[in-house]
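You will see subunit A twice below: alongside subunit B first, and alongside subunit C after that.
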Partner chain A sequence: MTLAMTCPNCHIYYRRGNWNKDITKFENTYPQALPLGAKGKIDGTVYEVMGFLVKKEKRYKYTWREYMLFNPYLGYAFLSEYDGHWNFIWPIEDNPKEHRVDNSFVYEHETYQLFQKYNAEVIYANGEFFFDVVDLTDSTLTEEYIAPPFLLGREVNEDSLLWFKGEYITEKELSEAFDIPAKNFPQKRGLGYTEPVSTSFSDQSLIIVGILLCLFVILSQLFLSSFDKNTVVYQDTFSADKLTSQKVFITPSFTLEGSSKNLDIETYAPLSNDWFYAEFTLINEDDGTEYNFTKEIEYYSGYEGGESWSEGSMFGEALLSKIPGGHYHINIYPEFSTLNHEFSIKVTRDLPTYTNMWVVILCIIIYPAVYLVHKRYREQARWSESDYSPYD
Partner chain B sequence: MIRNQLYSCPSCQLSCIARSDETILLTCRHCGTVISDNNAKKYSPAPVPEDWSFIQIGTKGIFNNKDFVVIGRIRFQLRNDYKNCWTIIYNDNQLGWLIESMGSLAIFETKTYSLSVEHTSKLKANVVIKIGKDIKVTGEYVEKCETLSYEGEVGPWKDLSTGFFMIQASSNNGTVLMFTVRPQQDSLYIVGKKTDLQQLKLENSIEWNEWK
Partner chain C sequence: MIPTDELKGLRYYIISAILLLSLFIYSDIIGWNWFNDTSTEQTRMHRVHSNGRYFYHK
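So, the complex of A and B:
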């Protein structure tokens, strides 16, 4: 079965077939992380390391390492390592290209995209091989398609067409499979071209769950809001000419029903290029508790350069949360400009509010948004080494 | 050869029995000498080398709901591969081929077809050709056969000499064609289906305990 092998002493590579007795000498030797003869269990199958190869891409001159594995029931397979990232690769009988459209195709429910095409050469070999890896590599054009953590490769030369499938394998899995400490493996650099973004869910499921959660929050808010009474408990208009010598308006007493609920005080002043300012004190007449707040309203408008403009508003709003039931009145300390001489307020009890809902929705959206942005950044990094990047 | 007929080994006189009328040769289970109805000298097998095949004579399995047992093989040593073409006999005494290499398995019928030389010349790796009306296959590999050897009872393989090119082509539905091609000649081919270990439910195969 072994058709080519290397001499452990002088490291020459020689063929055993009667039809070819050529010898290949390599200029350098290279260290290997998995020794020849090492056995490891991958996906429940025991493989033995039969050979080690260092390959160099002919155009861009980068190198990577391949370990030829063998199992008598399943034949051969490979472990490929580049920049500390590993893929377990095995030949398949299918011809996935049948489904190809341009540079991508769907195979076994995954969309594969062309990542690279290359010709390579073997610059170092060690061990034994079931075929002439040096000559075959030299004459083969390889296309690799990825759908992380999977890859599909297509090797074509004059005499053969071979498809193989691969899957990213972590250092930890490899270390456990071969009982070799992970520190013996080459250090990882960057993102492996088939390295998955490590999540147990798909983008689609993340988006669907996010939308469902948002819908749940909105429906819950609408349901709970249906119980809000939204009652106007007091409203009035105040004129500057009725201001007392203490410069204060004191509203009549009004009653807030029920337990602690929110209270909305809306202020309106008929402003035109003017401002209005007031200090408010809501006073609980039963226990003397005071709630202080201020409100400043500005509204300006004009016509300039052929266009009318405006800024500010004639309305102001203060929302006080958790105001207990009881009897209340409001002391208002207004400051009028020279132009404006009146304002009005409207006090509403138990107003439906949506602030909390938006905060919760924001929290729900943040994770998927950050995740998707991060993922896109990582995908761009992954494809930065490809001539076929969909991000270019 | 004739089913259930006794054949004496020309070397050691051991009696051997053919299990099928389609059998073209036997090897003596004692000394390995070829026994044939025809001129046995034309078969000059190399001894079957030890390989890592887990199938052996006596291995049993099931294909298309029919039980079969392995009774012999031809081993083709190709330039960058090998093929073990195991002769199998079904429980209805029909023969078939279980072709195995490096974990790749396919079952073939023994019926041999012919392809004209002009079609044969188109057979290459990565080229799609049409066979008959509705079979479209893609060439997967072309390998020259350098040596062959056999053991046990060998079914009706038509070309038992070296130097031909073995070409495998398959369609996406698992149909696989195995051609034997010689330059400037019509080629011969057999038709089969790709399969796997689980489907064949093999028994009495070699237990490679160190791989468990």
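So, the complex of A and C:
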């Protein structure tokens, strides 16, 4: 039943049973994004726009807009718009459970944190209303609790306590619901106080998917490694006194079985405060392909200030990728120091390696990590508008 | 465990991860190490004696 309405021409607000035109007259008019009488389907229910309100917060003086909606079976609901962000709000019967310690409420398994408390006044109304919105707004303390994309509203005055629940609704959803172009709506600014950072997935789902993908990568690595043959195809020790006039050691031919695999050449030199350097050429005897690389190893140790120290290593490792199967040998061009006169090499085919796995895991983790940091930043920005920020 | 619509929201992430995983498996099969690899300079000798066991460079 309509208890209040406005005159579309003179903008006077009438209350039922009190038709004194001097009671409330609004000085300014405000544009409406949703015209009176417009019908829209929200969550499967068709609502009609019955009234439009512009409210002003009494302390900080900011304004927002509310549209009163009506459905003959479900009753009334609201669309609230501030800075281009919309919430669909409806009354609820049961009272949420309160946690007094941290100003939060639990409702339908969601915890809602206090975002704002305010007293407001109606500075403009248009249409018809099921209660005296002007007086009721003026005498009501409203508390809003959020768990984006949801909100809980608690309206308290001398006579009543009302609870509302709301949910963020995008411009696109609203545009489709009312068949009104989104360009007609106020331009969005900043982050809405109930606007979710992502509307398409929760943090929990993102983390679970990330963990499952990482586990799958680890299992794949273990599975693939079980097929790695890790075969030593050649090893030998070389002494400087056997160096030819061409200053090169030439290994016997060895065979690399199968298709393309990695090849590990480990060099060892018995060094003591010394170095060893060599240039290597791995030669495919079948097609003449050469793979040239160098390896330098050095090892120093001593005793100083009561402590022994060491740096470097007597081992050096060269890992070559994608070496096709075939017959190979290695030409080694060593450079010996004055102290060391020998070295050895061990050539291993199809060695299990884990670097790629860590790179893939890192890539998989990067997106959730960046998303969660970004979300935290956005949450801080959201709560910077509140007097009850948990980040202060 | 994860709602279908949320999986849909994560589809680009999942598809990207699957593509990366495919590359990872392919790399393991052909012995391609993306990093910690030894830098090699690859050349090709065109006049290799097929019956020669060794040949010399430098």
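As a working rule, the second predicted complex is superposed on the first by the 318 of 392 C-alpha atoms of A that agree within 3 Å, B and C clash if a C-alpha of one lies under 4 Å from a C-alpha of the other, contacts with A are read in each partner's own complex, and residues count from 1 in each chain.
The criterion applied here is as follows: a contact is a pair of C-beta atoms (placed from the backbone, for glycine too) under 8 Å apart; a residue touches a chain by one contact, two chains touch by 3 or more.
Worth saying up front: this structure is predicted, and the values here are computed from it rather than measured.
Of the two partner chains, subunit C is the only one touched by A:355; subunit B is not. Looking at the superposition, the partner that touches the larger set of subunit A residues, subunit B or subunit C, turns out to be C.
In the superposition on chain A, contact of A:277 is made with neither subunit B nor subunit C. After overlaying the two complexes on the shared chain, residue contacts for A:367 are found with subunit C alone; subunit B is out of touch. When the two structures are aligned on the shared chain, A:293 is found in touch with subunit C, with no touch to subunit B.
By the document's definition of touching, of the two partners only subunit B reaches A:162; subunit C does not.
Listing the residues of subunit A that touch subunit C in their complex gives 198-202, 205-206, 208-209, 213, 216-217, 220-221, 224, 246, 248, 250, 253, 259-263, 281, 283, 285, 287-293, 295, 318-323, 329, 331, 333, 350, 353, 355-357, 359-360, 363-364, 367.
Subunit A makes touch with subunit B in their complex at residues 1, 3, 17-20, 39, 46, 48, 70-76, 91, 93-95, 98, 130-132, 136, 156-162.
Across the complex, subunit A is touched by residues 1-3, 5-10, 13-14, 16-17, 20-21, 24-25, 27-48, 52-58 of subunit C. Across the complex, subunit A is touched by residues 49, 51-54, 79-82, 101-104, 124-126, 138-144, 146-147, 170, 172, 174, 194, 197, 206, 208, 210-212 of subunit B.
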